[in-house]
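Structures for review follow.
Presented sequentially are two complexes of subunit A, the first with subunit B as partner and the second with subunit C.
Showing the complex of A and B:
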């Protein structure tokens, strides 16, 4: 038991539980829906998860610092429309420039949030509730109630969602999914190994201590919002590629899904705990349920929202009650282990003392 | 307040406060609006303003309690939708309206108690619980009505929502007056109101002084759910038809009204008078923008901006004031040092 406990952390058990849950959900729906385990469905869900997951990674960075970003849905919508409009006006823009433009616009919007939260000391919930409305207004005003339509876009972006990196039999591994995997790996590595990543945890678990330790708290929080905005911008580009037709309601509700993915994936809403891998698993679980309910004939698809709300609550409550117990257990067994170590070394040393 | 201060200086002190600033803003907005539409300031038009947003401002009153208590309830607009949908669904299933109304209110009590359980009993942050229920309650509302719209309520029900009941006042406005009086009495003059402030200032201090923190929070969240449900029912009666997206996004206006009214988002301070002034500001501002042909979307954006500013401006003035105080202290101490060195 102790050896097992040394090897696994409570967070990893949670991730394992999530994997099991995802498999159980898939098995359940496979018995309910015909042709559920088809390559087509896999492709559809993987592309849909890709967008949510990229936003959720950004959301996780912000949540780690004990903040929240409710404006991501509007950022996704605005960048998708803005970039789509530029592309429609000028089909010659290079693909890389388009992606950079999306990330840049998103980062600028994130910076607006970040300045107000970090330097203006306005609570994140207030700032982003405001910008949720503000950015959407910018989109409505900018678009003048027009729609970006697929036929006005250059061919490469229309083909993008069907572009494969490789495929096994009919299971395609799409380019959009590749972007998501790259984002997940980069940001997981950043959180685990880079000083900036570790500082995000430090600020979230104890802002006062982080300040006393001399961390530039304001700058760290500011950049968390910038990164979140940039990732939402990237997701906006992916949104444009996936749907082609962009209206003023694009990205509506993504903010809640991204919060749900982060929280279900184990990010503590009080900051200081969470992983990108967990967030990815959370996004997969939420999106699989969401997409499956649309096709499940037994109950109305209108249950999707209600279930999403309950899932967030359940995840937070489970985190609060179960994870706290587990961490206690671990902390206690660690104490015992270190005590044993101390005793062992003492008994080894004793003969020497006698001599 | 000392006795030697004359009346004018007392008034001047009041005007220098946040409420005074709000009053100034309100007067400016009204002057602007009057120049756009000459008979703007008529009592009829002002009352119309209130009636058109009566549901939001009723909920804003209870939201003030919650935020002074250093919590937040993001689920109110979804609860408004859920209670209205419960009413409409039961009615469409053949239940008489009074039964459906009671059921709608009951849903509000239960929903509020559900929030309160997780917040006060389990100890989860209200931000997450009510964010989850912002989605959850709305989801249940959609489950009930799917994509249908249910109307054709009995005539007396529509009349109750749309026509004046006593004199020129419809039921909702009368209820609002009642709630305002109750809110002022509760918050300013009762022991319960003191508890609300104390807990908002410091939960620990309140606990150590024997305040039953969890009981106060439970009462507040149940009250919030119930008032929101009542507001949803009033909205249904005024509109005469209910859809799943009823009251969608109202939390933005409601929270803006409370925070702009000088209630601190960190809890512990604020007054109903300030909230009343900011309600007037938001209503007049929205109406003025409509007069100036500004679309609803831009109005929402402006309200969003107002929400951020209502917290940012007090923060900034506090920072500037602290900086000035520090400088004054530094100057004073350097003067002292000079004198000391001269004396030596």
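Showing the complex of A and C:
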């Protein structure tokens, strides 16, 4: 047990469990749904996961700092519509400019959240609950209840979701999935190796200590929201590419899925713990279940939301019960090791000690 | 003194609303010197520290570093000037490991974190301090002493020139205090100016080169440690002669109220046996980690015991919850005011009536504020809680007054057994004497009292009998007459086993 504890950190054990869970879920649905393990279904789910995962990565950054961003769904919807409208008006805009525009609009919305939370000291749940409604209303006003339709968009963006980076047999590895993989890698590296990333953990781990630790914790939290907004903007672009038709309800409910992905993936809702890889696994698990339920005749569609909520609750419960125990065990085994070390050196130092 | 001062605080004043927290205070710190700062709670020590570390800005006065005036407006600036502080409760990041905690504030370690180098550097710093810690271990599992070591290591890594230690020893065991002193001495040899703040005068005498006394926001005296005595310091602190503030009155002992027989909790403590009579004070002594508090928590049903039995008024019972304990007539004054004791943002009144709220309900089941308030007023007078009004927020009171509010809260439950857990930790000399007086009074009124205290002279002076624990084991119960500091300490350190011959 001790050897195992030292080999794997609790986070890694959790990620391993998630992989096993995903495989079990897929095996279960394979027995329930015809043609489940088809390339078509893989392609569909991988594109869907890509959007959720990109938002969830941003959500994770915010959650690490002991905050939450509930406005991500509205940011996705607004940027998808806004960028789509620009493209519909002017088909000539360069693709890169479109992506940058989406990221920029998202970042600006994130900055609005960030200013209020980090500098205005308003609790994140209040701020982002407010902007959840505010950004959605902006979308409704801006769109005038019109819809961006596929036929008004340039051909490149309509073809984008089917663009492949490479294919193995009939399994396509799509460009949107490539974007997700890039985002996951970049942000996992950031959390592991950049001082900024480590300080996100520090702030969530002990906000009081962060205040006196001598690094700009307000600015760090602010940029967490900006990054979350920017990633939601990027996801908005992906959303536009995937669906083409954008209505005022675009992106509705993504906030729930992104929080669920982060929490199921092991991010502690109280901050300080979580990984991007975990969030990716959380997003995959949630979206595989969600998409499978759509095709599973046994169960009513209305249960999908409920199941999502249930998974969040289960994940949080698991966090409290299992992860705390694991961490304690791990810490204890470490402590024992250190104490053994100390005792050994003490006996070495004082060979002739008389008790 | 031919050394040039490293940090000078000149004529610093700071006012909060009604309180003059600092009144024209000056303090000079020299490199390679340990400067102790003592004073009652509310003397202005914490405010001074906070102006030194940039949390507060002084209203008037200057801070000079190497003779040059500097502005310290936030902790980053304090850090860049080489001023750092460690506190009684260390501010570590529990989810980060030891090495990260040490280097989290560094800005000169490159754009990308090199984990290997960080582990190596952390190890070499800890080695310098002669502290053994696994640098990859998360701070979550560390003892308080180890967490402090991490904070000191962090300060050193930032080339600290002035290290403030704010009551660093309050929660440490004797062995850990010795280690901390070793570190402090190492720092002194390396030319760091250490400002050491403590309520324990023995420690101050042992470690410091110079002692300053503050009182009511004013600087009273600064002397070379060799030139002052215990008594003269206390005189400076309280501004009056303190008599025998450990006066013990002999209360009438009644029948046995509560007994423990073979009380135990898996992995925590085992085989605890004692009786407490009405009117008797049973002290619990032991070092940190002796699990005295856990016995208290078991008696009060917060962390129930899983072996043995508790006999209360002759009836064996299993204590399963604080509600049950409260009903039996047990009150427990926690050692951790902040976490378990008080609801800081609520008023004194609301805090006092909280466990007994049922008594204040009107016929309609609503809380009657007037009666609640009358009770609070009552305790304010009885316990001399110093506050503008009983509607005052508890979080804004001084430590000693918070302690009294907590006392009022549990006295109001009209207990038969009162468990005091470190009732005088972190409160000033005056408030301490008042708490002692209250404990004596309660014993005289026929309450049975369990007093858990790390302050050995206090435990010895206040108790009729002393139960000594070590690492979850009962080492013995000593009568007042035979218990000396040496005997109790020897038992607490596990050096001898006098247990059988003396208990009961």
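Heads up, the rule we're going with is that the second predicted complex is superposed on the first by the 340 of 355 C-alpha atoms of A that agree within 3 Å, B and C clash if a C-alpha of one lies under 4 Å from a C-alpha of the other, contacts with A are read in each partner's own complex, and residues count from 1 in each chain.
To be clear about the criterion, contacts are C-beta pairs under 8 Å (C-beta built on N, C-alpha and C of every residue); 3 or more make two chains touch, one makes a residue touch a chain.
Just so you know, these numbers come straight off a predicted model, no measurement behind them.
> Quick check on the superposition: with subunit A as the shared anchor, is it clash or fit for subunit B versus subunit C?
In the superposition, subunit B runs into subunit C.
> What is the contact status of A:193 with respect to subunit B (first) and subunit C (second): first, second, both, or neither?
second
> Name the contact category of A:321: first (subunit B only), second (subunit C only), both, or neither.
In the superposed model, A:321 contacts subunit B only, not subunit C.
> Is A:137 contacted by the first partner subunit B, the second partner subunit C, both or neither?
First partner only, subunit B.
> Is A:242 touching the first partner subunit B, the second partner subunit C, both, or neither of them?
Once the two structures are laid over each other on A, A:242 reaches no partner at all.
> For A:205 in the superposed arrangement: first (subunit B), second (subunit C), both or neither?
In the superposition, A:205 contacts subunit C only.
> For A:309, decide between first (touching subunit B), second (touching subunit C), both and neither.
A:309: touches subunit B, not subunit C.
> Superposing the two structures on chain A, identify the stretch of subunit B from 2-10, 20-28, 74-82 or 200-208 that clashes with subunit C.
Of the candidate stretches of subunit B, subunit C runs into 200-208.
> Across the complex, what residues on subunit C touch subunit A?
These residues of subunit C touch subunit A: 53, 55, 75-76, 78-79, 85, 91-96, 100, 104-107, 109, 111-113, 132-134, 137-138, 140-141, 158.
> How about subunit A: which of its residues touch subunit B in the complex?
Those residues of subunit A that touch subunit B are 68, 116, 120-123, 125-127, 129-134, 136-138, 140-141, 256, 259-260, 263, 269-270, 300, 302-310, 312-313, 316-317, 320-321.
> Which residues of subunit A touch subunit C once you look at their complex with the stated criterion?
192-195, 198-199, 201-202, 204-206, 208-216, 268, 272-273, 327-328, 330-332, 334-335, 337-338, 341-342, 345
> Where on subunit B is subunit A touching in the complex?
Contact set of subunit B toward subunit A: 72, 118, 122-125, 127-129, 131-140, 142-143, 146-147, 244, 249, 251-252, 255, 259, 265-266, 295, 297-298, 300-301, 303-305, 307-308, 311-312, 315-316.
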